[in-house]
Amino acid sequence: MEKMIWDIEANKVTSLIKEGKRVDGRKLDERRKVTVLKNISDNADGSAKVTLGKTEVMAGVKMVLGTPYPDNPDKGTISVGVELLPLASPQFEVGPPRENAIEIARVVDRGIREGKAIDFKSLCVREGELVWIAFIDFYVTNYDGNAFDAGSIAALAALNETKIPKIEDDKVVKHEYSGKLKLAKQPLLTTVSKIAGNLVLDPVLIEEKAQDARFSCAVSDDKTMCAFQKGFGGSFKVSEIDECIDLSFKSAKELRKLV
Amino acid sequence: MAKKDEKIEYVKNGKRLDGRKVDEIRPLKMKVGVLPNADGSAYLEWGQNKVLVGVHGPKEALPKHKQNPYKGLVRFTYRMATFSVPDRKNPRPGRRESEISKVSGEALEKSIFLERFPNCAIDIYVEIFDSNAGSRAAGITAASVALADAGIPMKDLVCAVGVGKAGGEIILDLNKDEEDAPDAVDIPIAIMPRTEEIVLLQMDGPITKPEWNKAVKLGIQGCNQVYEAQKVALREKFAKVEKGK
Amino acid sequence: MEKMIWDIEANKVTSLIKEGKRVDGRKLDERRKVTVLKNISDNADGSAKVTLGKTEVMAGVKMVLGTPYPDNPDKGTISVGVELLPLASPQFEVGPPRENAIEIARVVDRGIREGKAIDFKSLCVREGELVWIAFIDFYVTNYDGNAFDAGSIAALAALNETKIPKIEDDKVVKHEYSGKLKLAKQPLLTTVSKIAGNLVLDPVLIEEKAQDARFSCAVSDDKTMCAFQKGFGGSFKVSEIDECIDLSFKSAKELRKLV
Amino acid sequence: MAKKDEKIEYVKNGKRLDGRKVDEIRPLKMKVGVLPNADGSAYLEWGQNKVLVGVHGPKEALPKHKQNPYKGLVRFTYRMATFSVPDRKNPRPGRRESEISKVSGEALEKSIFLERFPNCAIDIYVEIFDSNAGSRAAGITAASVALADAGIPMKDLVCAVGVGKAGGEIILDLNKDEEDAPDAVDIPIAIMPRTEEIVLLQMDGPITKPEWNKAVKLGIQGCNQVYEAQKVALREKFAKVEKGK
Amino acid sequence: MAKKDEKIEYVKNGKRLDGRKVDEIRPLKMKVGVLPNADGSAYLEWGQNKVLVGVHGPKEALPKHKQNPYKGLVRFTYRMATFSVPDRKNPRPGRRESEISKVSGEALEKSIFLERFPNCAIDIYVEIFDSNAGSRAAGITAASVALADAGIPMKDLVCAVGVGKAGGEIILDLNKDEEDAPDAVDIPIAIMPRTEEIVLLQMDGPITKPEWNKAVKLGIQGCNQVYEAQKVALREKFAKVEKGK
Amino acid sequence: MEKMIWDIEANKVTSLIKEGKRVDGRKLDERRKVTVLKNISDNADGSAKVTLGKTEVMAGVKMVLGTPYPDNPDKGTISVGVELLPLASPQFEVGPPRENAIEIARVVDRGIREGKAIDFKSLCVREGELVWIAFIDFYVTNYDGNAFDAGSIAALAALNETKIPKIEDDKVVKHEYSGKLKLAKQPLLTTVSKIAGNLVLDPVLIEEKAQDARFSCAVSDDKTMCAFQKGFGGSFKVSEIDECIDLSFKSAKELRKLV
């Protein structure tokens, strides 16, 4: 039943897109309105709430002391976790889609990591012994498509707010800080859906239902890409990927002003 | 935070460490209808606590063998974000979250006309994004408002608050510093204010009966303060609805 | 089917209680017979079997060496675990009720912890480095209602029997002991059901099926309460809670002679 | 406990370290019908081992796709309490408990007229509250008696014992000290005594064929001692039943 | 392995560290129909990578609520053996394996006439027994051949390869040493060669657009090399089938 | 449905065996053809692929540094893990049989451990501090009965190939080795099914479906047995066990030439 309603709606999306139109009136290469609200949690070392249209994400960073990996004794690291909360959508209730959440987390992680947003050496406290691990966790609280971009924006906004806790006797002093985390780059994801042969920026949920394929590209500055992820059962031509890349550079430039 | 064995006066000249009076709750802001995809929702800031609640339902309860042919089920999930506490929380739900989910769901049952929803379930999701003592009271309070927002028929709202003891004083709505007092007693309480029926009551820490008698009076008074805030938030929402299309 | 039979039985309970009577002939404020059998396991450092009517619980304590929490370097601690065994009731087979077991464990834990049964400082072996953790685990082997009180009695009886193992080179020497665990207080739980507007002490299983609400109160001596827990979907008036408290002081006084 | 490399004589002048003869089992007490809510039950103390068994069934096997239309299923769960061993046991069931559950359930199958219970299951729960070598034999022995208590039709009882080697001697019903011998061999064995059919047999540790021949004879003799104890316990139960109403 | 900060030339006189040219893939051997119990199977050695793939299906998709009435499901499971990597892998599947399973299954979907199998599932199991960069490309390549072996109707094979950057050079089919380069970029790509449609594309590490343009050309060329090897392997299999009974 | 087909096939097996024949033409005491292919994974420290008829197993050994057990400070140890892969049989898909895999792993483990294949003292690097743990994991990739014997052969073949990694600063140096693991004994399992009162060596899958009982015996040399395991619902007479033992000594002698 429900599936049938989705199918009808998805067909509507496809018909519109064939005419170059979208369900919500946007242009094919237009992103939804983005809002960024910083510092949503005092217990977090950095945090932000991001809305991308009706998609809403809450992100927080916790700086935790740990031991470095033996093969990288002078580097800290990051860890990205995502939860698609049941309250975000009636569809997430029957067991939230674990594989999807893992994919989103890993793609956002790659964007930040490979985009060299953070100089991992700057997270070293004492070589071989003590480093910072930045735990970046975000929660999708209302899902209307494209948690990739919303999560990427929220993660970066939260990192940009992050303070480094003070250390005493190798332990964190609560609620005291020694400075701010400095970001070397501002890598951001841009996601495009392919629907009926057209490339559509920043898909809403019903567009995701209609898509043949999905492509996400993270760029860290005006010249450098740092992560790709193609998803879904369809395919892209090389020329289409090139078009997606161009959209990503343009989109990231705009987003960078907000985070 | 209080140093060990240091003698702290938690109430001095009628004022608490954060300037509140003994019977004063922390600032409380509520917004109703904040999540487009939920049937009902509310966002609550109460002191440092920040709580988001979504309600889905009533809808058919699944799996079927869990259905009750006489009345609907209330399923309550209380979860804390990893960054909502001083030390990063393990992302997996723990035993504390399980217990709070259970008693909070039970606290709301009596307020809902559940007999009108046989074989159905009402799912309540409470997400804590920031905390500082009192997050379960905040969760229940916001959940009741979200149920109203979902249009679920209720006898009354449920309002909750913490009451307790710190430095020998019975005080309302303890914050974290007060909860860390060496002699601290913490008593979360929830009532249906019209009848003053107690629907949630827990307690932690040594207390005498006279102290309890004082505390419960203060707690009920606190619940009534919360009740007023709930009504204001709901009125705002419905005013907006009427003004809007 | 089974549910229907329970409903009929529960209705019978309600009718009786309206007349001030109970299915097993007890008075409303009368506890079932309690038996305590100590030292049921030589491998445990302390143990006891408790029956509360037909409800039967086996409890054991293991003293384990661990490192203290950084914010309590001079204190040991306790940990309470409960299992509602499938053999205890045909109803527990289809996945035993995990949430119920957690609630019971946490309420029994709070009673012991907040009732200051054990001076946690007495569990310190070497400040900041080595402390005792008392693992108190109990198993419900036959369930006929009120595992809260049965578990609380069994846990306390087992603790009262507990010997502290001998330590050599910071390790436990098996089967040798350096003395007994000393309890500072004897906190005990008392559970009351509200059925048809009446307060009923120590409910049996079928009374639990008929109850509107449940209230448990732990008291640690003749003047001091240390834990409350209201459960189930119904409500209590303040005066009813006061009555439950009075019953708890009376009941604990009697139980204290047995543990 | 034996110190490393220290030479211990496990049998001296025909007596073992705990005073038993080589073919003597530890004291064994059994009580039948101890759990009101189970269809059958038994409590067994065997040396230091303390075992409680409950049987539920026969009843419909669920989930349905596990049903066998030709015969009933035996589902055996062997669990150790956290405090039943020298070091606290992790509360989660481990691989050892899984394996023992599997082979113990299989050991009981042949003794039951399972073909009379198509699509049904018989659940056997074995809880170990104290242990000192031989808890699986104790569990099987008590389980068979609990099955009889549940009125489940059986060809014969199943009785089990450990047999093995310590200090070069073949001995019956090893205790923990003997099991810790440097050359220890442990052979749990279960039989249906009327036909002397072996229904459980495991072995750990190096042994020659002549030693095995000696051990199996001793094991079967031990099982017969256990069998007598089982019959006594069942007679006591049914005597009581006849005396009582 | 490269020491930190040591300057390595990854391509010198047109040759890479292991002697390959920049556009040369590592030796690749494939055998089709290696598992008697699978509907289709393939074993692939590609450089040091060793991959076994089994396909089961099409068959009814269970549980039923996962069925799609319009087309079949592809369920792809990529797993690494504990001993397939330099440090022993935890036997439990990790997040990396989850992600690779997801994108690899999606990469194969378009090549299969799934609309012919409503309510059905095709299960693809990829087991990695040895690895050295490129195991996901190896898994997809072998899986497509195993699908053909299972007789599943397909529009085209899917062939995959890694392309990327090391020491400033764009090179094909990176090995582990090259993937560990300080400036390494890794781009797994899979195509359907007849139409040159890209069905899998991931990327890790900083790269400019001109570099990407060069890399994708090289990647597609590499995929075509893999395609030839796939066709050879399938021909061998079917030749054998015709020769045999 | 499927079950019915199995039953028909199993009946056929039983009828044949009553006449002293087997479905694949073997004699009752004849093992299937065994092949052993060594070194199937360069990342493993030792590895082997074994086929036993159509049953196929891939085994690998990883030598990992760890701390010894307090009661055995001068000894390393082994750990055996087994997976019955879903690709090995359509029957393993609906949740592979966890209990069966555990039993196989534990019986193979006991054979190697109690058969003293490895002198655990030779795995000690520094008493009380650093020892080798040999992780032996095997994967059943095609299942046609008797994973016990196939796994035992594969585990032993992999161990016989195992090299000990070089150590530097208490860490393993990758891809460098200090020597080979030396095996003191070559313990091997032999499994026999009882079908219609007959003893049948090395059962195929359909014979396992027809069996009343199963018996496995590991022997470590021409005189010494080191592990038994009886399985399944049926029974054995003592004389039958004796016969199984004799078969095991004979079978192990032949297998020993292959590993």
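We call the chains A, B, C, D, E and F, going by the order they appear; numbering starts again at 1 in every chain.
Here is the rule we go by: a residue touches a chain if its C-beta (ideal position, glycine included) is under 8 Å from a C-beta of that chain, and two chains touch if they have at least 3 such contacts.
The model shown is predicted, which means the values in this text are computed figures rather than measured ones.
Think of each touching pair as a link: the shortest run of links from chain D to chain E has 2 of them. Farthest chain from chain A, judged by C-alpha centroids: D.
Among the other chains, E has the CA centre that is most remote from the centre of chain C. Rounded to whole angstrom units, the spacing between the C-alpha centres of chain C and chain E is 58.
Between chain B and chain D, the centres computed from C-alpha atoms are 52 Å apart. We define each chain's centre as the mean of its Cα atoms; on that basis chain D and chain F are separated by 27 Å.
Taken as a contact graph, with one node per protein chain and an edge wherever two chains touch, the assembly forms a single closed ring in which every chain touches exactly two others. Read round the ring from chain E, going to chain F first, the chain order is E, F, D, C, B, A. Interface residues of chain D facing chain C in the complex, by the touch rule stated above, are 1, 35-38, 41, 48, 50, 52-54, 56, 62, 77, 79, 81-86, 88, 91, 123, 125, 127, 129-132. Residues 74, 95-96, 98-99, 101-103, 106, 109-110, 187, 192, 195-209, 212-213, 216, 220 of chain B are the ones that touch chain C when the two sit in their complex. Of all residues in chain A, those touching chain E in their complex are 98-99, 102-103, 105-106, 110, 114-116, 215, 220, 223-238, 241-242, 245. For chain C in complex with chain D, the residues that touch the partner chain are 40-45, 47, 54, 56, 58, 60-62, 64, 81, 83, 85-90, 93-94, 135, 137, 139, 141-144, 174-175.
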